[in-house]
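What follows is a short report on a single structure.
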Amino acid sequence: MVWNTNLRWRLPVTCLLLQVALVVLFGVFVRYDMDADPHWIDKKEAENSTSDMENEFYYRYPSFQDVHVMIFVGFGFLMTFLQRYGYSSVGFNFLLAAFGIQWALLLQGWFHSYYRGYIRVGVENLINADFCVGSVCVAFGAVLGKVSPVQLLIMTLFQVTLFSVNEFILLNLLEVKDAGGSMTIHTFGAYFGLTVTWILYRPGLHQSKERQSSVYHSDLFAMIGTLFLWMYWPSFNSAVSNHGDAQHRAAINTYCSLAACVLTSVALSSALHKKGKLDMVHIQNATLAGGVAVGTAAEMMLMPYGSLIVGFICGIVSTLGFVYLTPFLESRLRVQDTCGIHNLHGIPGIIGAIVGAVTASCANTDVYGVNGLTQAFGFDGFKTNRTPSMQGKFQAAGLFVSLAMALVGGIIVGIILKLPFWGQPADENCFEDAIYWEMPEEPKSTVLHPEDSTLKPSEP
Amino acid sequence: MVWNTNLRWRLPVTCLLLQVALVVLFGVFVRYDMDADPHWIDKKEAENSTSDMENEFYYRYPSFQDVHVMIFVGFGFLMTFLQRYGYSSVGFNFLLAAFGIQWALLLQGWFHSYYRGYIRVGVENLINADFCVGSVCVAFGAVLGKVSPVQLLIMTLFQVTLFSVNEFILLNLLEVKDAGGSMTIHTFGAYFGLTVTWILYRPGLHQSKERQSSVYHSDLFAMIGTLFLWMYWPSFNSAVSNHGDAQHRAAINTYCSLAACVLTSVALSSALHKKGKLDMVHIQNATLAGGVAVGTAAEMMLMPYGSLIVGFICGIVSTLGFVYLTPFLESRLRVQDTCGIHNLHGIPGIIGAIVGAVTASCANTDVYGVNGLTQAFGFDGFKTNRTPSMQGKFQAAGLFVSLAMALVGGIIVGIILKLPFWGQPADENCFEDAIYWEMPEEPKSTVLHPEDSTLKPSEP
Amino acid sequence: MVWNTNLRWRLPVTCLLLQVALVVLFGVFVRYDMDADPHWIDKKEAENSTSDMENEFYYRYPSFQDVHVMIFVGFGFLMTFLQRYGYSSVGFNFLLAAFGIQWALLLQGWFHSYYRGYIRVGVENLINADFCVGSVCVAFGAVLGKVSPVQLLIMTLFQVTLFSVNEFILLNLLEVKDAGGSMTIHTFGAYFGLTVTWILYRPGLHQSKERQSSVYHSDLFAMIGTLFLWMYWPSFNSAVSNHGDAQHRAAINTYCSLAACVLTSVALSSALHKKGKLDMVHIQNATLAGGVAVGTAAEMMLMPYGSLIVGFICGIVSTLGFVYLTPFLESRLRVQDTCGIHNLHGIPGIIGAIVGAVTASCANTDVYGVNGLTQAFGFDGFKTNRTPSMQGKFQAAGLFVSLAMALVGGIIVGIILKLPFWGQPADENCFEDAIYWEMPEEPKSTVLHPEDSTLKPSEP
């Protein structure tokens, strides 16, 4: 069948409608929270606080900027490894994230920051909006190269909604701890994306196989994404933790876990190649699994060696996944996972949820101190009667809720995206920028240059 | 006419003379301000302050580093989209910015930080120096590819001076608010640069037309610049705002405006292409217009929805500018705007100034609170009698002053740069690194590689 | 002689053994320091501190993240200038740094953070671990392209150990000041690496000469590294300085020194080329020498003009070094310095140590104030009797100790690395990713593409 990939009206109309709706909803609902409002000066006086430093901005803003870089440069460039899909990887990630953060500010605001008829936004809301979009970027990795920007906007619209509901259930109803989002961001995002790509299965995808690989420089661009994700992950896992020791500890644990993960990823990558050569795919992805897997427990007393062990295991599991599981998923389960998110976010996310549940259930006053334990898990107010072991069980429950939400939501959204009028590319035109982008014409002298020559056949 | 582009003596002499002069002037005038001086410990005791956190360093430094990245990586890589001008884009931007920040420390210091015979520099001076250089980077975008590094240093010398005078008039005489520099940085920088390139009009520029476009990877490098500018813009607009809520609010408004701008830029880019394809030029530039246009109002009570509206409009206006206005300017007004700064900084800068004027004139105690209003606009001391509506008029006046300074200054500087002995390239050698850079010799096996083959014809 | 570069078992075994050892050692020794421990809440109450802001995390974390970027993106991409060694430059740097930071946390912990049977780690330990690894990255630059990842891990194992011993001697026994590490990081790292590459001298290296140069895009990738190093260097030199004015001052001085260094590097680069053209090698490296050379004195009262003078000199010296000294070292002294670290870290490091010694010996109460002087140099406790001039002599002694440690250590480690079973490449296969990396197969249409064609001959 022939697809119409001309988005001339579909994409602009979708973007403009969504943005107009956002403007209206922001007008009706969104205001500044007290720390970003001029009345803050009065609040300060009321509290006899003499220091502007107590403004939430100074506790969270540096972490926010790091997370922001991870979402736009980290995820965007991580996906530029494809030889002919760099514009789309960076550009579509840019588009869906820019839409997603606005939509997330509203949904998360209604659930968590709604006060006297208005959503009060501050720097923590910006971080959480970036987090929410992070799970969409994860899902994007599964469908990368096979969907149109219109489909991505639709997917973002639904996924942000489902994410916020799931997050509300976990954080407010089950009262689980998940500061780094092993469950809410990674597990949910990964299995949601995998379900969507399973529904969108393309039997004829082999026709664009030659473009589903990298070229020398595209792998270097991807390393920019990998490194910014890797370096800023300690900020990611600590960004919304409690002030003081919790934020401090979350950064240390993530730093340790990621470091260990690099060594085991390299070890397995080499061991699994007949000539002992390293594979860029593993270095770009498996090295990050350690950050995913301490997402829940990073702010807890996981201990530095505990973090190393988690990273150690995840580097191995993730690399094995790329070598054995991804091909299996594609051939047997009809799951075409372009970026291998199952290995980077899926399994490590589940490991992270389990690690979090175990760490929480082992918490005690010897390790945390009486005040420390209460503060770390919020064992007061409604939760006064909850014990660490109960907390552990609730953590585990959170994992299953996230998986269920991801599978059900993914099926529904996948079916919607399967409709034939979203401008998706034909099987032989997947992983090709030229479908949706005006391409630069190469200098005449370079008729034999790869970009140029691979361009022609793939023109629809 | 044949130009001599051999800079062997002109460039070194210019650099060394300027740097020697800077060393002498720094020796005579520049010292540390109290927060960076060892006597700060005594000041702390005098003020009974117990916390080192009150040092200005901790309020501003993270924002400073983000701004620093925008100037050197953001602007530098944004201009690498040209296929054969990457070394010059990044390298010359590096050179002029490194000179400009030193010169700006002096000039802005004399105007704003001169105390007891010395300029007292602290982190806020570093930020302002980066801001000042930002306006030079903007102007560089207009003349990109058509000038020599010597001309760029001369231009920087004059533009930094004019910038500082203009900034003094606006901030100290008119007492306008312009924390993010919609007027002082963007409007001034853009119209200054456009005037210069108008004076330097090259009728024969079409001879190097084939190099005035991008290649596949050069557009990806440019996206690195775009994204770092986009991500860190909230830091840019909040970097020198008042401590506390103002800084917090400026970041939120900029974040919102930029997000909305992305969706409308994409919408217009697709709608204006006959096949509905996206154009990298728009994604790289128009998506940033929203940050420019909230530069003045970001710290005011623009409200999140107000920011979305500003971004919404600017994405549309900026993309339309690239499609219709830039060609018109070149063909009719003889303004050859290489990077289209008129669309990214010119018009959005004017919009930003107007938005700021309107927002200021609408300020009232209901929204800001009594203390908040006084603090936000400094309605005390000399300004006790100024009302918001008067403030609005002063803001508008600031726009016209900036435009006048830019046009007059641009004409003068343009005439100076037109002198024939600055080593500028011939029309057929524009947009070509090989004129000023030692180029790597490509491996023998790649005689057909684009870089290599386009190199020869353009060798002077 | 034919080398076996198949690392299938050697690399995995090395990585896994090292990581297992690290897990065990962390389990036995490493715990959180008080600011990252839940008991911090009790400490806070005990100190009547009401603000979480006093947690060390908020003083150091933003600087830590900047330093982290310098180590992984800065050094990693700086070395991607080689046309066929990008994967290895970024990937091996990633590997050795990930191992090094863990090993450094232990060694530096035993020397500096050992308390009641445990190493207490906090954000400052993370910064110092990154610093330690920075000296390994420096040494990596000397042997780049000529060693296997196994050799790099061995080198890191020993160099981190020697670094920690040397650092202990300087900071604890000689009590010298070296916040930015001119001596401990740069001088030590550079001369250690140069000694190692001298021992590993390869007479037949000319056989892979054609790959020891850059291509157009590889030089642009390298500029990413250069700029992130340049921009974040103020954070590097101020990261572990005293709170308040010292950190503030260190950032200002580094900013000034680096700016001046750019202009003189450009001047010399142009002056030393027969056609006055700029050389990317100089722009990528010499521009950074100013940051190295204020490493020791940045936190002292070097004064802004003093910083400019240091940067001014280092830009000249470093560029001259690349043009005249590097070829001399290779031809006469058999030192094959791939990245020219002698010009970027060696000489500037020595200059930095001298500048630090002089600045320290000139310190007096007029400039620092009584309290300021005591705090700046810690002239209390054991050092009550030490005068500035004595401090200057101790600083000088620190330089010689660092050089001695580097030379002796480099010889020993070099001899170990010379053993034939580490999987090092043959002379004709140096600077070639294909030895250790699974390379992407270029699209069929591009048989004439450089990557592809240069690949074949160099396949072992």
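Letters A, B and C mark the chains in the order given here, with residues in each chain numbered from 1 onward.
Convention: a contact is a pair of C-beta atoms (placed from the backbone, for glycine too) under 8 Å apart; a residue touches a chain by one contact, two chains touch by 3 or more.
All figures in this text were calculated on a predicted structure; none of them were measured in a lab.
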Degree value of the rotation bringing chain B onto chain C, based on Cα positions, nearest 5: 120
Classification of the chain A:chain C interface as same or different, half of numbers criterion: different
Chain centre separation in whole Å, for chain C relative to chain A (CA means): 32
Residues within chain A bordering two or more other chains: 51, 53, 58, 62, 217, 224, 448-449
Sites on chain C touched by chain A in the complex: 6-13, 15-16, 18-20, 22-23, 26-27, 30-32, 35-42, 44-45, 51-53, 55-58, 61-62, 65, 68-69, 72-73, 76-77, 80, 86-87, 90-91, 94-95, 98-99, 101-102, 105, 121-123, 126, 149, 217, 221, 224, 436-446, 448-449, 451
Residue ranges of chain A in contact with chain C within the complex: 51, 53-54, 58-59, 62-63, 66, 83, 210-211, 213-220, 223-224, 227-228, 230-232, 234-235, 243-249, 251-252, 255-256, 258-260, 262-264, 266-268, 270-271, 273-280, 283, 287, 301, 303-305, 308-309, 312, 367-369, 371-373, 375-376, 448-450, 453-454
